[in-house]
Structures are given as structure tokens and as C-alpha cells.
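Look at the two complexes coming up: chain A is in both, with chain B in one and chain C in the other.
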Partner chain A sequence: MKTDVKSRIGTAIGCALILIWCLLPVAWIISLSFKSQEAVTVGSPGFFPSKGGGAGWQNYQDVLADDQFRRAIFNSIGISLIATLLSVILATLAAYAIARLEFSGKKFVLTTALVIAMFPVVSLVGPLFDMWRTFGIYDTWPGLIIPYMSFTLPLAIWTLSAFFREIPWEMEQAAQVDGATSWQAFRKVIVPLAAPGVFTAAILTFFFAWNDFVFGISLTSTENARPIPAALSFFVGADPFNRPASLLAAGAVVATVPIVVLVLFFQRKIVAGLTAGAVKG
Partner chain B sequence: MTTTATAPKAGKAPKAPKAPSSDRSRAENRLAFKLVAPAIALMLLVTAFPMLRALYLSLFSYSLTSPDDREFVGLANYATALSDGLFWRDTGNTVMIMIVTVIFELVIGFAFAMVMHKVIFARGVIRTSILIPYGVITVVSGFAWQFAFSNTNGFVNSWLPFVGDDFNWFAERNSSLIAIMASEIWKTTPFMSLLLLAGLAQVSEDMLEAAKVDGATWWQRLYKVILPNMRAAIMVAVLFRALDAYRIFDNIFVMTAGANGTESISFLTYRQVIEQFQLGIGSALSVLLFLSVLVVAFVIVKLFKVNLADARQEG
Partner chain C sequence: MATIEMKNIVKKYGDGFPAVNDVSIDVADGEFLILVGPSGCGKSTLLRMIVGLEDITSGDMLIGGERVNDLAPRDRNLSMVFQNYALYPHLTVYENIAFPLRLAKKSEKEIDEKVREASKTLDLDEHLQRKPANLSGGQRQRVAMGRAIVREAKAFLFDEPLSNLDAKLRGQMRTEIARLQKKLGITTVYVTHDQTEAMTLGDRVAVMKRGILQQLASPRELYEQPVNLFVAGFIGSPPMNFLPATVEGGKVTLPFGTFPLPADKAAKTEGKGLLMAGIRPEHFEDVSVIEEGHVDTSRTFEAHIDVREWLGDQQYAYVPYEAEAKVQDQLKELARESDSDSLRTQLVVSLDAASKVSEDDDATLFIDTDKMHLFDPTSGDNLTVGL
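Right after this comes the complex of A and B.
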């Protein structure tokens, strides 16, 4: 009895620690975004805005009035959505083949995906920079969409093939007995069953594209295609020690909102997707 | 893992009778190639092809500021890079960051996983919050922590009892690296804990109960039952996080921009290529970065005997 109470208290303390761990830095950046720029210039240590050092919504208004920032949000949303859509389509095809069909290159596909998932992206920046300039897609949307697709494909293929193995394949066979070809069985029976898995893969892919920084700063040079993480880092020139902290914090909060919304709505699916490939029970 | 290894294969069992029909299997092979080809082509277009190009460019003295002076220099770029103290200092930083962050993430992540495994009440709230650091953009995490550690606008100095209020974390190397690692650890621990939680769910409750009945203490149960049984999950999590930490770039770029000797190997490569347009030496660094990741992966796989097929359950 005694140990039971003790373990319950331990769990409660653990929960509190997890919540503090996860939410404190987020609360901090939100609090920072409400400090006034004057207060920040003078120096305003402490977690909350000091008395008279608050800015209300001013920082948010300023940041949303900034053309470069608005353009970066637009770029990020557009590029991430297109990359997600295309990547998930290609990954769905590949994952179906891996989960369902017997073919000789299966091991090669899985190994390639694994190697690429761990690839040091910076090592590609030089040659891609050179290639994209030759092809004329440097500093354009496709110039970012293509690398985002390649680097989200492994994760998507991984997640999807794990999901696809759970699907009741007898239904596909039933369709084939009724005279459907492999392709028809795939399109008419499996796609609707696989939709939840596809959706999960899409969220994870979107996370990756939204989070990317290396390609975002290396393969763009103007606001034509610059996504939001890169725009945030360039927000006020090169001096990393003298940034308008509260304005940046407001920008950071705006950039984080879409992700938090996705997390709040699709928590269960994301957890399932993240762990599906790595440790399957 | 071994007990569950056969489960997913069950779905494939009905396929066996089809094998003798060679027409059918050939058609299946063709369809599979058609389905897989676009994904493979795209993955190779952006990785293998540029990597080969980097290999080729690394043999030249080639700067984008004077592209016409391109000249074949053999392995001279590699000799320059490998004999430069910068390369070794940055590799040292990278390896140090990798080891320290992975150890912290593993310990804290495991503690979080244990709590999440036990908690019944408010499970959804905990799991939702644990995903927030994972979802926050690395650049934003870098900013949040940089400002938190700032001596003019941060709160860390006033909260930490053993640090003076005007201590400048970003004035020298060690304290800068601590700030960088704090951001890295904060953002990635939740991912680690979710992977470990999935592994924890596979440890049989019966076995734990049996150990308890036999009088095993909490520590004994942890070391003798829980950890050995989730070995595969731990190893996969370590491998993934270690290779990810080895690529550290975003946090360093945002928080110190490599000042005070806090560069990582990725940052050095980026600086040569994108800021200084030195494609020749930059490509040599790219190749070295790629090779060092292979070495790290190889060492981890050999050292801990990770069996990826076991975790992935693929033959």
C-alpha cells in the first residue's frame, strides 16, 4: 500500500517535470514577445515583462506588417504543402510495393531510405547550390521542394510501410478473386483503408519541411523562395548578438502556431507515426 | 523483439501459394519497380548524384568568385582540410556535442518514458505537450534559448544561484556550447522519450511482476528486466539521435554563428561553400563529412551490435 502511494506521487512529480520541460521555453518565448522593444534594448532581464516594459500586441502587429516576413510565411506554407503532397504520393506507391509485393529490389529500397534519412544534409549544399544555378532553379520554389521531397521520402516510406502491414489484405485478395488486377485492388480497396496512415505520414512530412533550415538558407538568396526559419535568422542582419529580441520572439511565435495547432489536433496520429517505423510491436 | 518478429509476417503468409506462378511473380516484380522507381530516382537525384559531383569537384581548386581559374589539384584539398587545425577542432566539437547530448537525452528521455508509461490520468495532455518541443522549429528553439541565456534579456542568470547576474554565456567557448546543447537537448528529448516509450510498452508486465514477487528491488528490475528487454528500442533511438546530433547546424548558426570556436563540422562546410564560395575545398569537406557520418554509424552499429533489421523487422 505504502509503495503504491509513493509511486503515484512519483508519477505526479514526473508529470509536472515533463510539463515544465516542454512548456517553459515556449512560455518564455511568448512572454518575451510581449516585452516592448525599448525595454529589450535597455535590457530587461527576468521571465515576465517588467512593469511598464510590456508591449501589448505591438510586436505582433509590427512583424505581421513586415513584407519580408509575410512573404516568408507564404513561401513556407506553399513550399511545405506542395512538398508534402508530392512526397506522400510517391511514398505511398513505394510503401505499397514494400509492404505488399515480393520483388528483388526491396532491400535496396529500404537501405537507400535508411541511408538518406541519416545523410548529413550540409554535405549536399555545395553541389546542389552549383547544380541548381546551372538548372536555373536556384532561389525558386522547386529548388526547395525537390530536396524537401527527397529528405521526407524515407520517413514517409518508413511510416507508411509500417501502417500498410496492418491493413487486412484479405480484402485485396477478395477483390482480386473477383477479377481485379493488382493495380485496381490497390486503388479501389487499399487506398481508402490506408488513408489514416497516409495522413499521419503527411503531418510528419510537413513538420520536416516546415522545420528545415539548411536548404532554406543555402538554396535561396531573396524573399522569392526564402522560408520562415531562414527569414527569421536573417531578420536583422548578421550580428547574432544584437537582435531585436522581442520582435523576433513574436515572429517565432507566429511561425510555431501552425505546428502547435497540428499537434493539438492530431497528437495520437503523430505519436503512432513517429514510433511506427522504429519499434514495431 | 524476437517474440514479436513473426507477427507482421503473418499478413504475408497467404502470398506463398502464388510463388510458383512465374508469370504472376514477374508481373508483380514489374509493378513493384514501377511503384518504387519515382521515389528512388528522386532520393538519388538529390543525394547520390550531388555526392558524386562533390567527389569530382573536391579534386579541383575551384572558387565561384573566379570560376575560370578552375584547376585540377588531385587530393590537395583533402590534404589542406586534414592538416588544418580548424577541421579537427570542429570535428572535436561535433563529437563532443553528439556524445553529451545523446547521453542527456537518453537519461532524461528514459525517465520521461517511464512516467508516461505509468501515467493514466491526463495521458493526452502529457503526450500533447511532449510533442510541442518536437514540433517547434529548431531555429525558434535556438532563439528561445539564446535569449533565455542572454545576460541583458534572459532569465537563466537570475534563476541559477551559482551564476552572476551579468555573466555572459556567449563570451567564451564552454559556456556557449552549454547553451547550444541545452537547446538541442530540449528540442530532441521528447522524440527520444517517445521511441523509448514504444520500447517500454513491449516489456512484458508478467515478467516484471514475477521479478517483483521474487523480491527484486526497483533498480534490479530496471537493470535486469526492463533495460535488457528494450535493448533494440534503445539502440535504434541512440543511433538515430547520434547521427542527427552529428549534423548539428541550426542551433549553432542561430546562437553563436560559430563564434568563440563553437563551430561544428557541418557549419565549417557550410561556411566554405555558401559564404566563401570555395566549392573545391568545400566539396572536399562535404565528402569528409559524409565519410565521418558513415564512420560514426559504423562504430555505433558495431559497438552496440544494433540490428536494424530486427528493429525494422525487414529481411
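Right after this comes the complex of A and C.
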């Protein structure tokens, strides 16, 4: 009993330490976003805004009133969602083929995918910049969607093919005997069973696209396609030597909200053990 | 409702190994056919070729008179119960059973009627809204059967459907399957490695070994008239005893003595050198429990009982004997082929429960040589088949 209590206290302390380590910057940025610009400039070291230094929701109102920022949010959401959707669809089909079919060059496809995923992003930015300008997709949505897809597909394919391999062959065979075409068996039986994998892949892809800075800043030049991370760096306010820290903090919080919402929403779909009961274990 | 005709079916895998070799079986309309054999004998492969999940290397598969070699599984209109059930875990029991009907684009009303009917037959009414994960093994098994019977399939195919259930449930489901098949009267092919299922369920049983059909006959014929050593050893539990034997002058010489043999059996086996005699445990009896005067003393012998197993309605006694190396090797080979293990050469005899023989004791046993079969040890053929 004694060691039990001890270990529980230890666990609690450990968890608390990790939580503080992870969440302190987030808490600080939220605190910053509620302080007024003046209070930040004169130096306001407290966690809670000092008397008269609080800005209420003013920073948020300012940020959301900014056309550039609104446009950046729209770009980010649009580009990330389209990249995620396309990437997941392609990855599902590819992963199914890799998990189920025997074809020459299967190993090659898988290793190539891994190699692409390991490629440093920076090394590709230069060539892409040149190519995109030639193709005329520089500073457009497709110009960002394509690199996001090619960098997230490998991971999505690996994740999904692992999920597909878990699904017993008999599921499809049973569906085929029941009168399904291969496509129907895939759509009505395999995809629902692989749903946790599909959502995992979707979250990973969305994170990559949402958090990307290098492509975002290099392959765009106007607010036409500039995503949030890039837009925040341009968010300097009237005086370039005196950055509006509290406004930036509010912008950062706004940029974080969609990710949190998305994870909470998808997390319910990632239920492990969905295949339980399909076959006798 | 259809016949299934298999004509010279061959299945060869990539490495050229024939998993199924030249098998021809005609299944009559409404017949219950069992495919049985040790693991790796090709019985499941044959079933999967009927349903279309395996390609046929050569030969013709006819269902209802129509050649189906090149038809996809969905176009063959057969239903199958898989060994591990293969239920759709994301669908409720109701939707699992309705799945084939939905694919066939039946009306909602018709689907509901048929699903309710199937669930009533299989006693699944109270589970219709549950997911397979929450069901017991026997219930999952019934759902799998529900999915099979809900549409008017030409035939049912079962791939070892009971092997995942515990012994008691297996017995119940076996009876249930037999009853269902009689009620629906649909042609059924059933794969099993369990000989109890094979003997009790089937109208006819096909015994296979290494891709080759050994014997296709009624359960009774398989038991009483096995065509070769393999079938004789595979069917029956405890298995048939095999003893080295020579036939001379109308008498058969076994390790325990020389006994008279019926004239027709003797005529077929006379002077053929060393043979293999097969005799089932129940064709022995303890002389002390046979009425006085009914004992044919020329067919009794003294034996040393090593171990005795009393089962209530009968008892088994084990009599070890020495056999020459050649015979021992053959017996080992035979045991290996039928997935069992023989550690020593011994005779298993089934005695009346009233017999008072005790362990490590001598007893006088009667041997019924009328029921004995004699096999050619090299080819394994039964020389006395039909006698």
C-alpha cells in the first residue's frame, strides 16, 4: 500500500512537471495577448496584467479586424484542408494497394516514400521557387498544396498501410461472397474499418500543412496565398522598430484555436480496437 | 438450389505444388457433403475454389450446370461461413445480416422481412442492435450463419465453422446446422478436420490427403469399408489397430497368435507375404463377459493389459506388442499423415463396461476376424474391400 501511494504521488508530480514544461509558453502567450500594448512596452513582468495594463478583448478585436490576418486564416484553412483531403484520399488508395497486392517494386515504392519524407524541406525551396514561377503557380494555393501533399503522403501511406494490414483478408472475401464488387468491398467494409488510421493520417497531414513556415514564406509574395505562420511574421504594425507583441500574441492564439478544435474533434474518431469482434481472436 | 460438379479440379501454386490434384466430386441438389482430411490436405482450398476465392488451375467447376471457373465470387450466388466468422465489426447484427440484401438492392421492406425471419430462425432477435464485438462466440457464429441464409443462395459453404467454439457449444451448433440444412434443403459443402462432424453431419464424406481424393462415400461405408490404410486410420476414434499379418491356409497370423479367417477374405490375401491387418477396437471382447458356449475358442488369445481407461459405458484397454522395425516405420508414417502421433506399437481394444480386467494383468480376449480388413503394406490398398 505504501509504495502504491508513493508511486501515485510520484506520478502526479511527474505529470505536473511535464505539464508546466509544455504549457507554460502557451499560458504566457495567452497572458500576453490580454495585456495592452503600452503595458508590454514599459515592461509588465507579471503573469496577470497589472492594474490598468489589461486590454480585455481589444487585441483580439484588432487582430480579427485586420484584413491581412483574416485573409491569412482563410488561406491557411483552405490550403491545409485541401492538402489533407487529397493526401488522405491518395494515401488510402496507395496504402490499400501496398497492403493487399503483390507487385514488383512494392519495396521500392515504400522506401522511396520514406526517402522523400526525410528530404530536408529547405533544400527543395529554391528549385520549387524557380519551377513554380515558370509554371505560373507561384503565390497560389496549388503552389503550396502540392509540396504539402508530397511531404505528407509518405507518412500517411505508411500509417495507413499498417492499418490495412491489420484488417483480416476474410473481411473482403466475405463481402465479395456476399455480392460486393472489389470497390464496394473496399468502400463499405475496408474504409470504415481503417477509419482510425484515416483520421490519424489526416491529423498528421493537417499539422504539417498548418505549421509549415518555410514553404509558406518562400512560395508566396502577397496575401493571395500567404498562410498564417508566414503572415504573422509580416505582422509588424505601424512602427517596424516597435513590434506589437500583444497583438502578435493574440494572432498566435487565434492561429492555435483551429488545431485544438480539430484534434478534439478527430480524437473521438481515433478509437483503437474498432476491429474487435470481426473475427475470433 | 443447385448441384455442384467438380471435374478433374487441379490447383497448383506458384511453386508448382499441387494443393488439390485431379479431384472430381458431384454434389447432388440438396446434399450435405463433407470434405475432411488432416491439415494441409487441400480441403479448404477446394472449398475456396467452389466459392471463387481461389483460381482453378485446370478442370471444370459447374454450379447448377453452368461453368463458373471464370465468374467472380459475387456472380456465383453462393454463401459462405468463414472459420473466423468474418463479421463486419462496424455494423450491427441487423446490418451484418442485411449486408448481402443491401448489395442486391432489395427494397427496405423486403430486407426487413428477410432479416427478421433469419434472426428468428437463429434466435438472434434480442441481439439485432448489438455490435459483433459484444457477442459471445456462439452468437457470432449464428450471425455468420444468418448472413449466409438470408439470401437465396444456390449453396452453403462452411469452412470449419465450429473449430473456434468450445466442445459443448460445438455439439449444439452441430445439431443446429444439421437441422437448418434439412429444413432449408440447400446443397451444402462443409469443410472440417473433425471426424465427429464429418460422420454425423454428412450425407456423404470426401476424405482427402495431400490434395488427392481418397474415398467418397457415406459415413457408414467409410467406417466399415475403408478403401485404403489412410482412410481406415483417419476415420474412427480411437483409431483402427494395424497389425502385421500373414495369411496362409485360411488362417491369419498376427503377433498374438494364428486365427481362422473367413474363406472369401483368405482367398484374396492368401500367399501375399507380409500384410497389414486392420481391426477396430470394438471388434475385440473380453471372453469373461461373453456367455458360456458362445465363445469361438479358436479366435481367443491371451494378452497382457498395460493401461485401462474406464469411460462408464465402455472401457479401453491397451495391449503393447513388439513389432519389427519395418512395420513400426510404416505405422509411424501412417500416424504422421493423419496428424496424430504414435509413440509405441500397441493394440487398443474396446471392452464391455462390465469387464473386470485390471491394469498390468493378463486377460483372454476374443478377436472378431470376420470384421478384419487386410491391406497391402506398400500401396496401402484394402485387399478385402466389400467383404
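Criterion: the second predicted complex is superposed on the first by the 242 of 281 C-alpha atoms of A that agree within 3 Å, B and C clash if a C-alpha of one lies under 4 Å from a C-alpha of the other, contacts with A are read in each partner's own complex, and residues count from 1 in each chain.
In this section, contacts are C-beta pairs under 8 Å (C-beta built on N, C-alpha and C of every residue); 3 or more make two chains touch, one makes a residue touch a chain.
Bear in mind that the values here come from a model prediction, so they are computed numbers and not experimental data.
By the touch criterion defined above, A:174 reaches chain C but does not reach chain B. Taking chain A as the reference, the larger set of touched residues comes from B, when chain B and chain C are compared.
Once the two complexes are laid over each other on the shared chain, residue contacts for A:72 go to neither chain B nor chain C. Judged by the touch definition given at the top, the superposed model places A:193 against chain C, while chain B stays out of reach.
In the superposition on chain A, no contact is made by A:247 with either chain B or chain C. In the superposition on the C-alpha atoms of chain A, the part of chain A touched by chain B in one complex and by chain C in the other spans residues 170, 173, 274-275, 277-280.
By the touch criterion stated above, chain A contacts chain B in their complex at residues 7, 11, 14-15, 17-19, 21-23, 25-26, 28-29, 32, 35, 40, 43-47, 90-91, 93-94, 96-98, 101-107, 109-110, 112-116, 118-131, 146-147, 149-151, 153-154, 157, 165, 167, 169-170, 173, 182-183, 207, 210-211, 213-214, 217-218, 228-229, 232-233, 238, 240-241, 245, 248-249, 252, 255-256, 259-260, 262-264, 267-268, 270-271, 274-275, 277-281. In the complex of the two chains, the chain B residues touching chain A come out as 4, 7-8, 11, 14-15, 19, 25, 27-29, 31-33, 35-36, 38-40, 42-47, 50-51, 53-54, 57, 64, 108, 111-112, 114-116, 118-119, 122, 124-141, 143-148, 150-155, 157-159, 165, 170, 186, 189-191, 194-195, 197-199, 201-202, 232-233, 236-237, 240, 243-244, 246-247, 249-250, 253-257, 259, 266-267, 269-270, 272-274, 279, 282-283, 285-287, 289-290, 293, 297, 308, 311-315. Considering their complex, residues 51-53, 72-74, 77-80, 82, 84-90, 99-100, 103-104, 131-135, 137, 140, 147, 151, 164 of chain C touch chain A.
Across the interface of their complex, chain C is touched by residues 168, 170-171, 173-181, 184, 188-189, 192-193, 195, 274-280 of chain A.
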